[in-house]
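Here subunit A shows up in two complexes: once beside subunit B, once beside subunit C.
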Partner chain A sequence: MTDAAMSRQASAKSGGRMKTHGKLIDLCIDVFLFGFSLLMILPLVFLVSNAFKTPQEMLSWPPRIIPSDPTLENFRSVLADTPLPRWIFNSIAFASLSMVAIVATSAIAGYVLAKFRFRSLNIIFILILATAIVPFEVYMIPLYFQAQMLGILNSIWGLLLGYLVMSFGIFLIRQNVMHSIPDELLEAARIDGAGELWIFWRIVLPLLRGALGALAVLAFFQAWTSFAWPMIVTTTRESYTIEVGLALFQTGFTVDLGRLSAASAAVLVPSITLFVILRRNFVQGVASTGLKE
Partner chain B sequence: MASVDIQDVRKSYGQLETIKGVSVDVPDGAFVVLVGPSGCGKSTLLRMIAGLEDISGGTISIGGRVINDVEPKHRDIAMVFQNYALYPHMTIAENMGFSLRLARRPKDEVDKRVREVAAILGLADYLDRYPRQLSGGQRQRVAMGRAIVRSPQVFLFDEPLSNLDAKLRVQMRAELKDIHARLKTTTIYVTHDQIEAMTMADRIVVMRDGIVEQVGAPLDLYDRPNNTFVASFIGSPAMNLLDGALCEDMRSVSVGNGMRLPFAGSVPASGRVTYGIRPEHLHLVQGTDGFEAVATSVEPTGSETFIQARIGEQAIAAQIRDRVAVRTGDVIHLRAMADKAHLFDAETGRRLG
Partner chain C sequence: MLQRKRWRFAILAILPTLAIFAWVRMYPIAETLRLSLHEWNILSKNKPFIGLANFRELFQDQLFLTALVNTSIIAFGVLIVTIPTALVIAALIHHRTRSRFAGFYETSVFIPHVVSLVPAAMAWKWIFDAKLGPLNALLQMFGIPAQAWLFDPVLSVICIIVLCSWQALGYAVLIYLVGFKNLPVSLFEAAKLDGASGIQRFWHVSVPLLKPITLYVSVVTLISAFNVYAQAFVLASDSQGAPGRQVRVLVLDMLENSFRNYRVGYAASEAVVLLAIVLVLTLIQFGLLREKGRS
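Up next, the complex of A and B:
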């Protein structure tokens, strides 16, 4: 065998070893991630499982994933005793309207702040950023009094009052416009005869589709999972959102686990459906923002 | 088509004046190139003509109409940008027909016009594609197509070939010339590449630091540059500029080490001057004819040979249209063509003769 052939064989062997080594590492990572995702999903699995258990089985040890005596009693009781569909509707309406409002305000403000050069705009942008560092709890009470004065307590509009604008959304869109829409594109449109509204509607918005989709998902889930504001602005059972409604199952001394699980499992349906539809935007949103509330 | 008249135009950003009173007359149907180094104000001037920058002073007229305060869309101009500025979410046909659709022209007319222009530019097969599916050269053609479709009075080009590779640039240069010859639309073209300027322009405007250094036909600028800046900017390789003193015979310049470089004609000056000679106007001679120089590098390109050399402390370049047996470090003899030499004032850089 020639030297060259031997060296080829040796390098093929070492290449093969490296390939096996790489595969082993990949397998370890896969096993770890699989175990980790099982751990993450386990509470959800138990939640759904508990919804079908009797009170006795729920307290039995060790807990079982598949109920031995499955029952729909919890669902029947929840639907009969509470206005659960109404709460789900309130939550969907609140989250959807908040999403639309946040996407609209963020798109307009983000575009203007990114592409129009006025000195005052910088000050406005700094003010908007500053609001991001003020915790909601600080202005929650004054906002409540505003809602009261406007006479919109116990309504979707009352819920929306604190969820119309998201300073982070404005920031996100501003950065996106700056990085993904060159000035020349807008200038070309102006020379071609387009007006400012037309440019925004036909050029800027289509190019921001990805970012706006991500923001829409973030905004929807922000409203969907909000608790404190709906808790103080709604006081009648009919006006509750799902988050507030679910808290009713928890009293000072007991937790009605069966019915809570059934209600939660029912609530999961719209959330999971939306997540599946908008999965790509959601991942993009989390990736581009690096955070999720 | 229309002429463009730029009169004493100025542009200031606060205290900083970037365009300092520029006047240029662009005749109807002409191809005028604004050329100059980065930051000279050529793109700003073009953007002022387009209406994308406010005019701080002076007037710009298109077809005899002052357009200082006219919106870009009402100036009847079309602009091609360096980065093409194609709408990424629209097909090529939609990109090209954009302005006509905005003008609410009938759909049939828009389609017909787009197809006509696409045929001229060889884009007929790509009308349903998106910009990202085209090569750089094709995108550039689409950008031109979008401008041509409108049949504007004036075309404005802002370094349109800068993003293309060298081979494609040469091809697109020829295509642009061809299109201009066909359409005869008044064109103002900005570039920092003097080769582009030389090969395409009817008239070149050389700019530096917000002022016009010289305006003229390409070969006029090449043959009679007004100053050392134009002399060194126009032409590649650049003109040799050597510091020297006018000799008493008033027919030659002493450039150190007793070397005398000849020039023809008379000049109303004396003392220190700058002697200019283009590399191709230097000939390699045998024996002790001409002046002596030491070769510092020799670059054969096949058809010609570039020799970098030193005369005393000064560098000089020669472009010899032949293959020569010179090596680095050799002492060579060069002869300057006296009738091709230029003399400039050593202090102001202005042309003397």
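Up next, the complex of A and C:
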């Protein structure tokens, strides 16, 4: 008798009581998880709802999720006092350029490091590996002086300097090339007389579409949420990213939570929407960070 | 001949990336190490070599020591809250993979990890607010007096731990979920046949098998928590409204030394201490993994 058959018999013996018991447990787990998930997003839900509340309603207890007297006053006053659209533009431009740079450098370097076996390349790989564990905060001060020497402080180019490459991106692509592109395929193309550049462009890149998509989403969000680097590189109101602008906006005024919520909501809603749309790409990218070992 | 041609392509192709890497990674890292051994006031031209004097001064600097202690408390606090919670939540979500709501669970646990730090911190600033915040209102319903969450030195550390854990949880759950999916199903069937209950299977089969993942997630969580900055900057303003002064953390102290006190060499030596912490954590991880591989 096979294992499966035995287990089937065993479960049949214990009968229907076990089954309803299991169903009840599953229901409890669902209720718990549902409550926990709601708790996790509740702060953000309230943030958005506070953005539409009048100062009087902010004080009311218990807090309502749907404001009884919704107002756009908070948004109007934030837009009048801050260059919020400018900050959002800066963040989008910075994150997009960083995404392009990281995808391009990771794609080519990851491919070369995966499929070409030369000793000199091993040395390069070890160098990249060794710098990967150093957190950005450790070397950002010397990097700041490099940006200063180039005269690109307070600009998108200065922001970009810190986010041109991503060690993890190179590992991700290298791993993907090793697993999903067989040597035979490349050899066959070479025998047919294809040039190396043609192979990369026409064979390798199309096969990497999924991995590159995941990396692109990851890179965009990494730049979009960066804080310490934009904080030191930008010092003029016009050049702030949205993160820095918001963080300094809250210190510049007496704490007015209605307006702070409005400014925050204006940033959160589009980025969460984007995340929910690109969830699969994102999760795939993040999950592969854990698979390195 | 063919081999030579391929080598030339490989080197030419990787050269731009390597050059950028050297320029924005390797050089500044080397420069941090070099500067940490020099006295450099931004305003003066010469940078005399002073050996380890910066480090000697660091460990008598009250502000730095406070920052180091605060940061360590935050990092380990986040670890203690995040890892067990993530393990349990991931186990439950994995158990209910086929549920209609599995996608909802995963997404909502993960959202705090992807939203920008500052807007998310604003949400918590409202929750913890002494006058407007729902936390105090809730406590008062149970007869507990209102607390000045963000202005008390101990409570504000707790607030930062809560905020950081809320954000770190999604990542840990995601990595654990990958781990659960890769566990061998046969072991669970065997345990089931032996009459092990769900909780027993979790505790005696899943948890030991997931040890390498626990180790990995712990190290990643600790390292990112040691770099905490934005959360403290937004949540813990002092009574004059100066951001981040209430709970001094390492990165803040480093940036202040560099850009407010103009002591770049000194700030670089702080960066080296941060690097040392990260290296030790990484080495511990590798060490434990190797030990496990041997046994």
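Heads up, the rule we're going with is that the second predicted complex is superposed on the first by the 254 of 293 C-alpha atoms of A that agree within 3 Å, B and C clash if a C-alpha of one lies under 4 Å from a C-alpha of the other, contacts with A are read in each partner's own complex, and residues count from 1 in each chain.
By our rule, a residue touches a chain if its C-beta (ideal position, glycine included) is under 8 Å from a C-beta of that chain, and two chains touch if they have at least 3 such contacts.
As the structure is a computational prediction, the values presented were derived from the model and not from experiment.
In this superposed model built on subunit A, subunit B and subunit C occupy separate space and fit side by side.
In the superposition on chain A, A:S239 makes contact with neither subunit B nor subunit C. Judged by the touch definition given at the top, the superposed model places A:S49 against neither subunit B nor subunit C. Of the two partner chains placed around the shared chain by superposition, subunit C is the only one that A:S261 touches, whereas subunit B remains out of contact.
Of the two partners subunit B and subunit C, it is C that touches the larger number of subunit A residues. Using the contact criterion defined above for the overlaid structures, shared-chain residue A:N74 touches neither subunit B nor subunit C, since it reaches no partner. In the overlay built on the shared chain, the residue A:P62 is in contact with subunit C alone; subunit B does not reach it. Angle at subunit A (Cα centre) between the Cα centres of subunit B and subunit C in the superposed arrangement: 100°, in steps of 10.
Closest approach of subunit B to subunit C, taken over C-alpha atoms in the A-based superposition, is 5 Å.
Comparing the two complexes, no residue of subunit A contacts subunit B in one case and subunit C in the other. Chain contact summary for the complex, subunit A toward subunit C: residues 3, 6-7, 10, 25-26, 29-30, 32-34, 36-38, 40-41, 43-44, 46-47, 50, 58-59, 61-63, 105-106, 108-109, 111-113, 116, 118, 120-121, 124, 127-128, 131, 133-143, 145-146, 161-162, 164-165, 167, 170, 196-197, 200, 221, 224-225, 227-228, 231-232, 242-243, 246-247, 250-251, 255, 257, 260-261, 263-265, 267-268, 271-272, 275-276, 279, 282-283, 286-287, 289-291, 293.
Of all the residues in subunit C, the ones that touch subunit A in their complex are 5-7, 9-11, 13-14, 16-18, 20-21, 23-29, 31-32, 35, 89, 92-93, 95-96, 99, 101, 104-112, 114-120, 122-127, 129, 132, 134, 137, 166, 169, 171, 174-175, 177-179, 189, 192-193, 198, 212-213, 216-217, 223, 226-227, 229-230, 233-234, 237, 241-243, 251, 254-255, 258-259, 264, 267-268, 271-272, 274-275, 278-279, 282, 289.
Subunit A makes touch with subunit B in their complex at residues 182, 184-185, 187-194, 198, 203, 206-207. Considering their complex, residues 50-52, 71-73, 75, 77-79, 81-83, 85, 87-89, 98-99, 102-103, 146, 150 of subunit B touch subunit A.
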